[in-house]
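First chain written, first letter: the chains are A, B, C and D, and each begins at residue 1.
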Amino acid sequence: MAFNIYDFSNLTHTIHVGLQESFSPFMATTLEWVIVGTAYLLFVALFGLLLVYAERKVCAAFQQRLGPMRVGYWGLLQTIADFIKLLMKELIMPRKADRFLYNLAPFIVIIASFLAIAVIPFAPGLQSLDFDIGIFYLTAVSSVGVIGILLAGWSSNNKYSLIGAMRSGAQILSYELSVSLSLLTMIVFAGSMQFSTIVEQQRGAWFIFSGHVPAIIAFIVFLIAGTAETNRGPFDLAEAESELTAGFHTEYSGIKFAFFFLAEYINLFIISAVATTVFLGGWMPLHFGNLESFNHAMDFIPPIVWFFMKVWVVIFIIMWFKWTFPRLRVDQILTLEWKYLLPINLVNILLMALVVLTKFHF
Amino acid sequence: MSEIREIILNSDRLATDEYLVNMGPQHPSTHGVLRMLVRLEGEKVLNIEPHIGYIHSGIEKMCEAISYPQIIHLTDRMDYLSAHMNNEAVALCVEKALQVEVPDRVNYIRTIMDELSRLASHQLWWCVMGMDLGALTTFFYGLRDREKILDIFEETCGARLTVNYNLPGGVMFDIHPNFQKRVKDFVKYFRTKLPEYDQLLSGNVIFRERTSGIGYLSPADAIEYGVTGPSGRASGFSCDLRKHQPYSAYPLVKFNEILDHRCDTLARYEVRIKEMYESLSIIDQLIDNIPEGEYAVKMKGVIKLPEGEFFQRVETARGEFGVFVISDGKKNPYRVKFRSPGFSNLFALNKMAKGHKIADLVAIMSTLDLVIPDIDR
Amino acid sequence: MTNEELIAYLTTSFPQTEVILGSQYVEMTVSEAQYHSVALQLKESKDSSFDYLFCLSGVDYAENMGVICHLESIKHRHAMVLKVRTADRINPSLDTISDIWITAKYHEREIFDLLGIKFNNHTDLRRLFLEDGWGFPLRKDYVDEIRIVER
Amino acid sequence: MKSFIEYIGSIFKGIWTLLIGMKVTGKYFFTPWKNVTQQYPENRDQLVMFERFRGEVIMTHNENNEHLCTGCGICEINCPNGSIEIISKSILTPDGKKKRIIDQHIYHLGMCTFCNLCVKACPTGAIVMGQKFEHAVWDRSLLTKVLNQPGSKIEEGVKE
C-alpha cells in the first residue's frame, strides 16, 4: 500500500481497487459506503468532542480561568465523561409533545451537518464528494438543519422552545443569503464551484491575498454570517440562555440533546472549513512570491496539517467573538443582515467582478 | 396590503393569540426566585405581572421578638449585596433614638465600608448585566475584582457577604492593621480595571444598540413609583440620600450626585459606572484621614429604646433603604418596617418594559438590579 | 419648609387634624374619613407638594390598626408623617391612596397581606407574599405553633 | 450623500468598538499566567483564613484541659437563633459551698449564622470564632457539638 502523508489519493485508490478485485461490484460499493460512513462518523464524534473541550478551555482562558482540570490530564477526558453522562441520561418527553416530530428533529439537524461535511476537502485525495457544484450543494444542505430546529421548537410544546425556533428560523433564512453571496463573490473570482478546483487555484496565493480588498470584505462578511448561521456567539438568539432558558432544545435531554449539541459544533467546523477552503487556500501551504527556501520549508508540512491549522485559527476567531460580545436583539439581527451585510455584499460582488475584469489581482 | 392583513387577522385558521409565559421562579435572568407572568404577542411584551413571596422570610415579624443588636444581623440577609449599609441603617436608627454620639473614627470606617460594599454590589451588577445581555466573559471579570473587596471585608469584619460589622454605638472590631494598605491597593488596582469595563461593554456597539432608548421611565413616574437609587437618578430623580440627608462621614466628603436625564437602560447603566468612580474618590478622601479613637461607644448590655417612632434612611447600592422602628420602651421593638429599595423598583418594571421585546425585558430587569430577598424580606 | 413652618402650615390648612412634632418628622394624625382627601390635598397643594411616598407601613396597635405614610416633597425637600387609625380591629378597612401615589398600590397589598387591612377602591387587592388562607402574621395575636418558636 | 457617509462611518466605528472589546479579552487569553483560578482541594495547605474569619464557635482549652467558661448563659441570651444551649450543674466546692458550673455547652452549628454576638458578649472570653470552614457532614446530628471537652474544668481564677 502506497501511503503518502502528502497525497491520500494513492491510498484511497488502492483501497478502491482492492475492494473491487475481491468482491462483486455491488458488494464493493456497499463496503466502500460503509467504510466512508464509519470514517466520517468517527471523525465527527471525535472532532466534536475535541471542539467542546477546546471551547471550554478557550473560554476559560478568555475569562482568566483554567477550565476543566479534573478528569484526565488537564481535563482531557472531561468531554468524554460528559458524553457518557449524556448517554446514560433518561430521555424525557413532554406529555403533549408531538411524538414523531419531537424524535425526528435531532436527526434532521445532525443529518444536515453530515451531508455538508461530505464535500469538504481535507487533503489531496481526502474528499468523498467532489462535484462541480460543490459550493451550491453545501449552501443547499447546510440550510436543511433549520428545519430540524423549527421542528424541535414546535413539537416540544414549550413556549420558550417555540420562540427560540422562530427566532432561529428568521435568523438562518436571512443569513443564508449573506453566506451564499459572499461565497458567490469568491466563485466569481475562482470561476468554479468545484472545491478541488478552488483549492488547486490557490496553489500560488490564497484567495484572501490574491483577491485583496473584495476578498477580505467577503471573508469578514462570511465570518459574521457564518457565525450567525451556526447559532453561535453574539447571534445565539435561538438558545439565548438568559432570555429563553435554552431556546429550542429546552425540552430535550440525554442523547437527543447531545445530537443538537454535536450538530452545533459540527456546523462550527463546517463554517470554518469552508472559510479555510474558499478564502485561506484549503490544504495549500503558505507561499510567498519568490521566497524559495521559505516556500520549500512550508511544503514540508503535510497538507492535512495545514488544513486543520487554518480551521483551528478560524474556529478560534469565532470563539473569540462568542466570548466577547453581548447578544444582539432579534430585530437588530435582521437589521444587521438586511441593512448592512446584504448591501455590502452586493457592492462587493460588483467590486469583485471589476477586479476580475480588469485582472487587478495577483 | 391592509386587506390581506384584515383577512389574516379575521381568519379562524390563522388566528393570532397572546402568549402567557411564566418567567421564573427558576429562570436564569430573574437572579433569584421571582416569577413574572409575561403576556407576549410574539416577541413583544404586552404586560408583566411580578409575583413575589417565594422567599418571604418574615424578617419584620422576627424582629419583633429579638433585641436590637440581633436585628442588625438579620438585615444582612435582606439585601445581601449591601449588607453593610443595611446594618448601618439599623445602627444609626438606634443611635438616633438613644441620642448617642459615635466617635469620628466609627463614621469614617462606616463610610469607607459603605462605599466598598457599594463598589462590590455595582461590580456584581455589572458582571450580571453583561451576562444577561449574553456577554458571558464580563461575569468573571466583575467577580475577579469583587473578590478583592470581599477579602478586605473578610480580613476586617470576619465574613465576606453577611458582614454584620455594625453594632449600636460603633462597629464590632477595630479595622485590621492591613486595612488601609489593602484598600489603597485595591483602589489603585480598580482604577486600572474600570476602563476595561468600559472597553468591554460600555463602548461596545452591540451593547449601546441593545440599551439606548429602552425602558423609558419618566422623572415623574420615577417619583410616583418610588424608584430610587441609581435607577431613579438615571431618570433625573435626585434622590441620593448621601447628599440630601447625609449621615456618617458623608457630610465631610466631596462627591457628585450622578444624575442622568435620558431615563433609559443605558442611562441607568452609565449612572452606576460613574458611581463606581465616585465611590473610589470618596474612599480616596477618607482612607488616609481615619482619626484615632475608639471604635465603639460603650453601650448598656441590654439596649432599650425610648418609647416613640424612629426612622432612618440610608442610601444602599439599590436605592433608599429605610428602617422604621416603633418602640414601646422594651428591649424588643414593637414593630419594625423595612422600606426596601427593590420592592418599589420592581413594580416600575411593567411601566418600563411594556411594548419592548423579551430581550429588552431582561436588560431592563438587569439595570433595576433586583435582589429578591430584599423585595420579599 | 422647616418643621416649624410645616407645623404652622398644616395646622392652618387642616384645622380638624392633630399635628405634633415627633422625634424626627412632623406627624399628623387624621381620622379615617379624612384620610384620602387629606392625602390628596397634601400631594396636590403647591405649598406642600408631597409627591414622594417613601414608606407606607401598617401597624397593629392592639386596640385598632394603623397605617403610617412617610411623605417627602422632592420640590421643597421637606418630609412628614401621615397617620391614620382604623375603627375596627378585626375587619379593618381604609380608603386606598394608591390612586394618589402609585407605589402605594404595592405597599398596600403588602399591608393587606401581613395585617389584613382592606383598602377600599384598591384596583388589585390580593395577597402579595403569602398564600390565600394564611393568617395575618404581623397581627399581635397571630399564632403559628409550628413556625414560631418561643424562647 | 451625507447619510451615506454616516452609514459607512457607523460601520467602521461599530467594528472599531468591537475590536476594542476583543482586545481586552484577547489580552487575557494570551497572558494565561495571570489566571485567577484557585485549585481548591489541592491548595488546602496554602489556604490560610484570616484570623477574624468566622467559621464556627469554639471554646479554647489550655494544656491542662481547662477552659474559661463559667456557664453564665450570656451567650445563650445573645444568640439570635437559639443555636447555643447551656446545660449547667451544681457541684460542691472543696470549701463546702454550692456552685453552678458548666456541664455541657451545646452549639448547633446548623442553626448558627456566624453573627459573632455571642463571642462579643462573653464576659470571660471563653468562646472564640474558629477558622475552620469545611463543615459538610453526612448527618445533620453531627452539626450539634459540645464545645467543652469531656473532663474539662474551669481555669483557676476566672471571676464569676
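As a working rule, a residue touches a chain if its C-beta (ideal position, glycine included) is under 8 Å from a C-beta of that chain, and two chains touch if they have at least 3 such contacts.
Note that this is a predicted model, so its numbers are computed, not measured.
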item: Furthest chain, CA centroid comparison against chain D; value: A
item: Pair joined by the larger number of C-beta contacts - A-D, B-C; value: B-C
item: Gap in Å, rounded to a whole number, between the CA centres of chain D and chain A; value: 51
item: Approximate Å spacing (C-alpha centroids) for the pair chain B, chain D; value: 25
item: For chain A paired with chain C, centre-to-centre distance based on mean C-alpha positions, whole Å; value: 64
item: Chain B: positions in contact with at least two other chains; value: 137, 144, 200-201, 204, 206
item: Chain A residues counted as touching two or more neighbouring chains; value: 62-65, 323-325
item: Residues within chain D bordering two or more other chains; value: 18, 21, 24-25, 36
item: Category of the chain touch graph - line, ring, star, complete, other; value: other
item: Residues of chain C touching chain B in the complex; value: 22-25, 27, 51-55, 57, 59-60, 68, 70, 74, 77, 81, 101-103, 105-107, 110, 114, 127-130, 137-138, 151
item: Complex contacts: residues of chain D adjacent to chain B; value: 13-14, 17-18, 20-21, 23-25, 36, 49-50, 52-54, 78, 80, 113-117, 120-121, 129
item: Partner chain D, residues of chain A touching it in the complex; value: 58, 61-66, 69, 320-321, 323-325, 340, 344
item: Residues of chain B that touch chain D when the two form their complex; value: 66, 69-70, 73-74, 137, 144, 147, 154-159, 162, 164, 167, 172-173, 176, 196, 199-201, 203-206, 301
item: Of all residues in chain B, those that touch chain A in their complex; value: 19, 21, 27-29, 40, 42-43, 130-137, 139-141, 144, 200-201, 204, 206-207, 209-210, 357-360, 362
